[in-house]
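In the two complexes that follow, subunit A is the common piece, with subunit B as its partner first and subunit C second.
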Partner chain A sequence: MKDFIVEPLENIEVLESKDFFSELSTELSKGSGISSYFAMPQGSDFKLFACLLSKSGEIKIICSNVREKITSLSTFFPQLHLFEREIAEKTGLKIDGHPFPNPVRYENGLTASSGKYFRLGGDEIHEVAVGPVHAGVIEPGHFRFQCLGENVFNLQIELGYQHRGIENAIPKVKKNKFLPLIETVAGDTSIGHAWTFAKVYEALSSCEISPRAASLRGIALELERMANHVGDIGALSGDVAYLPTSSFCGRIRGDILNTTAILCGNRFGRNFIVPGGVAFDVDEKITEEMMSKFDKAYEDAVSAISLLWDKKSVLDRFEKTGTVTTEQALKLRLVGPVARASSVPFDIRALFHIYPYEDYELEPLTLNGDVFARAYMRWMEIKKSYKLIKNWMNNLPSGPISVESKSLKPNSLAMALTEGWRGEISHVCITDENGNISFYKIKDPSFHNWQGLSIALRDAKISDFPLCNKSFNLSYCGHDL
Partner chain B sequence: MENIKLFLQAVIILFAAPILPGIINRVKAFFGGRQGRNIFQLYFDIYKLFNKGIVYSNTTTLIFRIAAPAMAALSCIAALIMPFGGQSGLLSFSGDFILIVYLLALSRFLLIISAMDTGSPFEGMGASREAQFAVFAEPVFFMSILTLSKITGESSVHGIFSKLSPVLWVENAPVLFLIVLSLFIVMLCETSRVPFDDPDTHLELTMIHEVMVLDNSGPDLGLIFYASAIKLWILGSFVSAIIMPRHSEIFWLDSLIYISGLAIVAISAGVVESVMARVRLLRVPQFLLAAFSVAIMAFVFQSLKG
Partner chain C sequence: MIKEILARIKQGNKTSHFPFRNIKLSGRYRGFPETNFSKLSDEEKKQLSEICPCDCFSKNGSQMSMDLGNCTFCGLCSAKMPEAVKFSKTWSMAVSSREDLIVKDGFKKKNVVAKPEIKKIFGRSLKLRQVSAGGCNACEADCNVLGTPVFDMARFGIQFVASPRHADGILITGPVTRNMYAALQKTYDAVPAPKLVIVVGSCAIGGGIYRGMPMMAGLPPNIKPDLFIPGCPPNPMTILDGILRLIGRK
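After this line comes the complex of A and B, so read on.
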């Protein structure tokens, strides 16, 4: 099975608006997840696309022409909630029956005052507003808590402060500017997004990358995953003031990033992945240097992180804090390690088994969706990534690292999925009659998962928010685009 | 000569107090594999803050302006009651430990109302936490001192300290051990150290003490830092006096024993901070109640014996 789909636009059947929404709800009730949902301008009207991913890994795209309004289904399928708000904001279409039609990113002249804040009544309710300017050097976001004493009833997350208009910029820029833009969607997921973009681009130009290039991409992606997971576990232990792990993990994350730098000259893997393959090859000397650094970093990570799981005071803080149940995770369609920590066995790598992940399987794990589960899931993934990288490094297939990428097919739609370190990344690209990109849609995994954070905080203690936030560690700029 | 010594003691206490947080930080750095900041860093910080201007928020009133200087003054007065080595403090009288507790309580009260005065939701939250935990911490302290007073038959801090000796440890080891334990816990809680609070965090929502001083700046903030260093010195002194109960009757040797006792307390606080995670906020009262039962146990043991 392929983790991308490419179709000429005329092959995608345009449904009647009514049929579209009934088809959408049928698919969602069957357990498919929404991977991307957007409206493309077409003259004065809009063409609505929904990209669905079924449980067995089939990608289905449904489409309909809409004008003036769309029907909101988010009351029944909360996973559509943010997508519908996004469509309404981008297009100006009305969304019939949406429970909370706030703007997402304050585009198209909408400002913070166009939205509303959820409020609880009562004299004893205490409202705490945090951000968008925070005490640490982190990205901007506004969080509003409705509390009774230390208990949180509701957390409203308002983002959009990082909106840069990347999706709109892509059809307008020259070809050589695509990757620099894509790699800044979320700086810590440069490789994940670049690979997804490359998949879309290769699908549209019908080119197939060599096994060597795929293995090298895999190495880069897993290095990215490891570096971020190690950093996250360090940050989590820093939040509970457990110094031994937190002091070491910051440094080890740096060591892993430096391994990526040996691979391609950039710590975040920028300019490594190009459509058609990768930009840099490795020889024996580089492989050796990488492996010696990498093994050392992994060894250190094992000894630093193992301390956490034996420490009662740490486990006491992690366990039963910020629980997201399996049911909630499924309803909101959480993705990535966050979903797997709530026992949702969803992983693009295991679903499609594309090369070089052909042997990748998920272990059957029952975790209960608390901070401990999310931390432990990351630890499991670090160990798996290590094995994958070791294996690929030792058995690198020979061959060219890149193939000439041809021009893009005209009037086509391509969609690709990648398991980034935060979860499912999806990119959709639509070309015009000259084979130029006319529309581009990016979905960072954070777009699904922010809602999960808000749910994790229900009935939690407000003092546990920073810990829950770190355990999700979502991207602000990936959400804001 | 005696007067000069008394004066000298007061000067040493007031000048040496900011070194204790420095020691704790160095211990933490050692465990973290770092070199750590200068042991005298707090002195530099306070000096720096004293050379800065003050910004007052528009919503604050006179309360906010007097709180920080008053807190520093109250802490200094409390410090002057403390004996130094084997010597009596500058202000020492029968039952003076009650005054110490209430001077510190008054300073906490000022901090709480000045935090409320800013009208910030964070500071209100911190104030409510501080007030809640103080309710649990105070009886532990009283209970421990009461037991000490019962053991030694003295009612002033100086009297209690001067009766503490290795011989007393031989006779009352279990009770003294329980008292050291409960006083150490109170000290960590009152001076906002791990596992009760995290002095290094930047996360407003989890802070207790730090969040209440978010609006303080310049010399005011410097005074608050100084006041909390003094508080650490005072509470640490009780622990140090019990664990290092030797008196040589030589002024400089006693002073050395006393100060090294305090250094040991600071190092232990640093070790606790390095190897332990912070407890859930919800568990802080439980923790303090446990300390209270330890203190009660000490009292009961002592009463049964007597």
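After this line comes the complex of A and C, so read on.
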């Protein structure tokens, strides 16, 4: 099975609006998840696309022409709520029956005061407002808590401060700006987004990359995953004041980033992936240099992270904090390690088995969705990524690292999925009659998961917020685009 | 406790010897560029300008220059015309004035000017408030690591603090989006004078890849940087080196 789909636009059946929403409901009731949902301007009207991913890995795209309004299904399928708000904000379409139609990014000349805040009544309720500038070196976002004493009733997350307008810019800029823009969707997920973009681009130009290029991309993606997971576990230990692991992991994360830098000169893997393959090859010397650094980093990670799991004071803070149940995770369609920590067995790598992930399997999950689960899930993934990288490095196929990418097919739609370190990344690209990009839609996994953080905080203590936030470690800029 | 001590012995002391010994970055690292535009024909100069995703190259009469303040160090120019642009391994790149980032033929890398009054006030203790104003979180990540044992900037008395009221200056990353403009201005105003301003990364310095996009506001005119640290993102060494030079510690 392929992790992308490419279709001429004329082959995508345009449904009646009524049929579109009933089809969407049927698919979501059957357990499909929404991977992307957007409206493309078409004259004075809009064309509404929903990209659905079934449990067995089939990608289905449904489409309809809409004018003035769309029907909101968020009340029945909470996974849609942010997508619907996004459509309303970007197009000006009304969303009929949305429970909380706030803007998502405050674009279109709106100011931060144009949104509304959810308020709880009662004399003893107090409100805590945090951000956009937080304590710490972190991206901007605004959080509002409705509390009774220490207990949080509701956490509202308002983002948009990082909004740069990347989606709108892509059809307008010259070609050599595509990748630099995509790589900065979320700086810590440069490889994940660049690979997804490359998949879309290659699908539209019928280009197949060499096994060597695919393996090298896999190595870069897993290095990115390991670096971020190690960093996250360190940050979690820092938040419960267990400093040994925190200090060790902060440094080990850097060692893994430096391994990526040996590969391509940039710690975040910038400029490594290009449509058609990769920009840098490895020879024996580079391989050796990378592996010796990488093996040492992994060895250190094992000794640093193992300290956590039998430390009672750490476990006491991790366990039963910020729990997200399996049912909640499914309803919100959480993705990535956060979902797997709530025992949702969903991983793009295991679903599609594309090269070089053909042997990748998920083991049965029995985690209960608390901070411990999210930390432990990361640890399991670090171990798996290590094995993958070792295996690929030792068995690199020979061959070219890139093939010439041709021009894009006109009037087509392509969509691709990648399991980034935060979860499912999806990109959709639509071309015009000349084969130029006319519409581009990016979805960072954080777009699904922010609501999960809010749910994790329900009935929790406000003092647990930093810990819960770290355990999700979501991207502000990936959400804001 | 014994496990922690054993782990510490195993991990060893990882703090880098910088600034007492020089540090070498990996072989493919792209640092301060040397240019040789003189041999290029007009046609080649045009090609070079077109290849740059960030429009770093500009022509003033026949003299061509490259704006490092906007450069993401992607290396496309050097891959296409290795004779004209050559990225060196020099990672010490911070400067005190915006003009010092405009590289021309025969350009000598300028160093940060450590003003005596800055050294006197902040030389032994500098507390910074970091403001992320619309970037991609890579610069933030590379500022964050300055607190890890490898860089350990606290050994120089430098720290990131939570409140602008406790800060001696602000360190700005990101191109300053319209939605962050007011928050940045307020944070800056809340820092007591005398205060330093450090801009990190090509977005914050010149707009970088986002230059000219409609959601960008840019730095408020009253915020005048004392230190520019180029890169996308700059290597943590570049950031630390710049800050140390600014306060006269290197």
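FYI, the second predicted complex is superposed on the first by the 481 of 481 C-alpha atoms of A that agree within 3 Å, B and C clash if a C-alpha of one lies under 4 Å from a C-alpha of the other, contacts with A are read in each partner's own complex, and residues count from 1 in each chain.
One rule holds in what follows: a contact is a pair of C-beta atoms (placed from the backbone, for glycine too) under 8 Å apart; a residue touches a chain by one contact, two chains touch by 3 or more.
Predicted, not measured: the structure shown is a model, and the values here were computed from it.
Q: Do subunit B and subunit C fit side by side on subunit A in the superposed arrangement, or is it a clash?
A: They fit: once the shared chain is superposed, the two partners occupy separate space.
Q: Which partner does A:W195 contact after superposing on A: first (subunit B), second (subunit C), both, neither?
A: In the superposition, A:W195 contacts neither subunit B nor subunit C.
Q: Give the label of whichever partner, subunit B or subunit C, reaches more residues of subunit A.
A: Counting contacted residues of subunit A, the larger count belongs to C.
Q: Examine A:F472 and indicate which partner it touches, taking first as subunit B and second as subunit C; both and neither are also allowed.
A: So A:F472 meets neither subunit B nor subunit C here.
Q: With both complexes overlaid on chain A, does A:H126 touch subunit B (first), subunit C (second), both or neither?
A: The first partner, subunit B, only.
Q: Could you look at A:W379 and tell me whether it touches subunit B, subunit C, both or neither (first, second, both, neither)?
A: A:W379 sits against neither subunit B nor subunit C.
Q: Please work out whether A:G136 is in contact with subunit B alone, subunit C alone, both, or neither, and reply first, second, both or neither.
A: The answer is both, since A:G136 touches subunit B and subunit C.
Q: Using the superposition on chain A described above, determine whether A:D239 touches subunit B (first), subunit C (second), both, or neither.
A: The first partner, subunit B, only.
Q: Tell me the contact category for A:F248 with respect to subunit B and subunit C: first, second, both or neither.
A: both
Q: Just checking: does A:E150 make contact with subunit B only, subunit C only, both, or neither of them? Give me first, second, both or neither.
A: first
Q: On the A-aligned overlay, A:I462 touches which partner chain: subunit B = first, subunit C = second, or both, or neither?
A: The first partner, subunit B, only.
Q: Between subunit B and subunit C, what is the shortest CA distance in the superposition, whole Å?
A: 6
Q: Indicate the residue numbers of subunit A shared between its subunit B interface and its subunit C interface, in ascending order.
A: On subunit A, the residues that contact subunit B in one structure and subunit C in the other are 135-136, 244, 247-248.
Q: Name, in rising order, each residue of subunit B that touches subunit A in their complex.
A: Contact set of subunit B toward subunit A: 28, 31-34, 121-122, 124-125, 128, 194-195, 198, 200-206, 273-283.
Q: For the complex, give me every residue of subunit A touching subunit B.
A: Spelled out, the residues of subunit A in touch with subunit B are 126-130, 135-136, 149-150, 237, 239-244, 246-248, 311, 313-314, 316-317, 321, 461-467.
Q: Within the complex, which stretch of subunit A touches subunit C?
A: So the residues of subunit A in touch with subunit C come to 105-107, 112, 132-133, 135-140, 160-165, 168-169, 174, 176-177, 179-181, 183-188, 190, 244, 247-248, 250-251, 253-254, 258, 261-268, 270-271, 280, 286, 289, 300, 303-304, 307, 475-477.
Q: Please give the residue numbers of subunit C that touch subunit A in the complex, ascending.
A: 3-4, 7-8, 10-11, 14, 25-30, 50-54, 72-76, 129-145, 147-150, 160, 162-164, 174-175, 177-180, 182-183, 187, 209-210, 213-216, 232-233, 235-236
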